[in-house]
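In the two complexes that follow, subunit A is the common piece, with subunit B as its partner first and subunit C second.
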Partner chain A sequence: MEAIFGELRRLEKVGELPELARQRILDCQAELALRRGDLETARSLIDQATSRLDAHPFYRS
Partner chain B sequence: MLTAQSNLARTRGDLPRTIDLSRRALECVPESDLIDHSLLALNLGLAYWHTGQNDAAEKALSDAQQTAQACGNAYALLTAIIFLGRVQAVRGELRQAAGFYRTAVQKGGQVPILAIAHHDLAALYYEWNKLEACRVELELALDLNRYGGNAEIQAATYLLQARLECACKDSRRWKPYSGSSAG
Partner chain C sequence: MSAARLALVQGQKGEASRILAECLRQAEQNGWGYGALAVRVLQALAADTQEAALVVLTNALLRSQPDGFLRVYADGGRDLIPLLQEAARSGIHPLYVGEILAAIGDQESPKGVCWEKPRLGWSKRSARASWKCCA
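Let's turn to the complex of A and B:
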């Protein structure tokens, strides 16, 4: 899991990701935090999300 | 000129302008010019899809599919098929969506745009709890994306990998309910 998010951080640093894709990384981290019962981390991540966030895997606009 | 402006507008992410220019250009392009027609219809379909206009996207993408097939424009053909799959997926027609993705994969070989088809197939397998098939499709998506280098597709693939890894851990922890404690 660390390796996956390491790659995602690298992509973010390179600066090639649109804002919505960056938001989806936060959304995924929040979802995984909820799955492991880490409510504090999930709340912190959700607080950073925008109202435009769309987690549908097939949809981006 | 309108065709080039339509391409430029889509590259810049200006979707309303892409729709406007593509529609106008499609009215002007000669019927015999299938290459331009297929690219304009594709631009239009993608712009509609990105703005959530699914029915209009389906119509334009079907037009792109037919004209691209007729003139042998492989890029437009595969892209149209993949996004027709996404139109179905967004509607919840997952089996139809899988059919489009598989058709694209069968037609395409080692083409970078097919990374999207493999990613979307992985998402469907994830929905259906076919986790091993999901993993295989994600690896294929990452392999193909190495040639195309699209960061957004790469990020989407990693995110699904993270969810898959988490789901695999959950399924190992899960124990079937035996009912032995009841009564």
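Let's turn to the complex of A and C:
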């Protein structure tokens, strides 16, 4: 899980990502933080999300 | 739904319910069946009473049983176990609920940290063959 979290942090810093992609990365990080029980980090990541974040394509079925 | 999950972890059921109601509205408006199902599972956890939780969970189980979805319940975690057990005791698809309970137990075993998505979907039909621990 740490490796995934680290990779997401790396992706977040990669060039100019579309806003939607950046938001999804933040959301994924938040989910992982929740799984780790790191509520402070999860809160911080969730607060960065905008209300425009739509559901991941997986949920749109 | 991360915000709702966080609210649930923090015991803020009212806040979780408020967020989930909006998520459900959006999912239903857009015809996101699986998304709506995922919301309903969390709504069961956010319910004020066990009776209310069972109503929501039963609704979710009746909708998901034909497709045999497991993961959406496993993501709800161990807090769902007593509700699922009660649903099974009430005769709500006991065999299907048994498979869900087994999936939750497997996921939370010491060897299983997280699970990767089955190749052909998230139903029980493909889950046994393709779920792999990615810890």
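By definition in this document, the second predicted complex is superposed on the first by the 40 of 61 C-alpha atoms of A that agree within 3 Å, B and C clash if a C-alpha of one lies under 4 Å from a C-alpha of the other, contacts with A are read in each partner's own complex, and residues count from 1 in each chain.
In this text, a residue touches a chain if its C-beta (ideal position, glycine included) is under 8 Å from a C-beta of that chain, and two chains touch if they have at least 3 such contacts.
All values reported here derive from a predicted model rather than from experimental measurement.
Comparing subunit B with subunit C, more residues of subunit A are touched by B. When both complexes are overlaid on chain A, the residue A:R43 reaches subunit C alone and has no touch with subunit B. When the shared chain is aligned, subunit B comes close enough to touch A:I25, but subunit C does not.
By the document's definition of touching, both partners, subunit B and subunit C, reach A:M1.
By the touch criterion stated above, A:E16 is placed in contact with subunit B alone, subunit C being left untouched. The intersection of subunit A residues touching subunit B with those touching subunit C, taken from the two complexes, comprises 1, 31, 35, 58-61.
For subunit C in complex with subunit A, the touching residues are 2-3, 5-6, 9-10, 26-27, 30, 32-35, 38, 113-114, 117, 135.
Touching subunit B in their complex are the following residues of subunit A: 1, 4-5, 7-8, 11, 14, 16-18, 21, 24-25, 28, 31-32, 35, 56-61.
Put simply, subunit A touches subunit C in their complex at residues 1, 27, 30-31, 34-35, 39, 42-43, 45-46, 49, 55, 58-61. Chain contact summary for the complex, subunit B toward subunit A: residues 13, 15, 50-52, 86, 89-90, 97, 120, 123, 126, 151-152, 154-156, 158-163, 165-166, 170.
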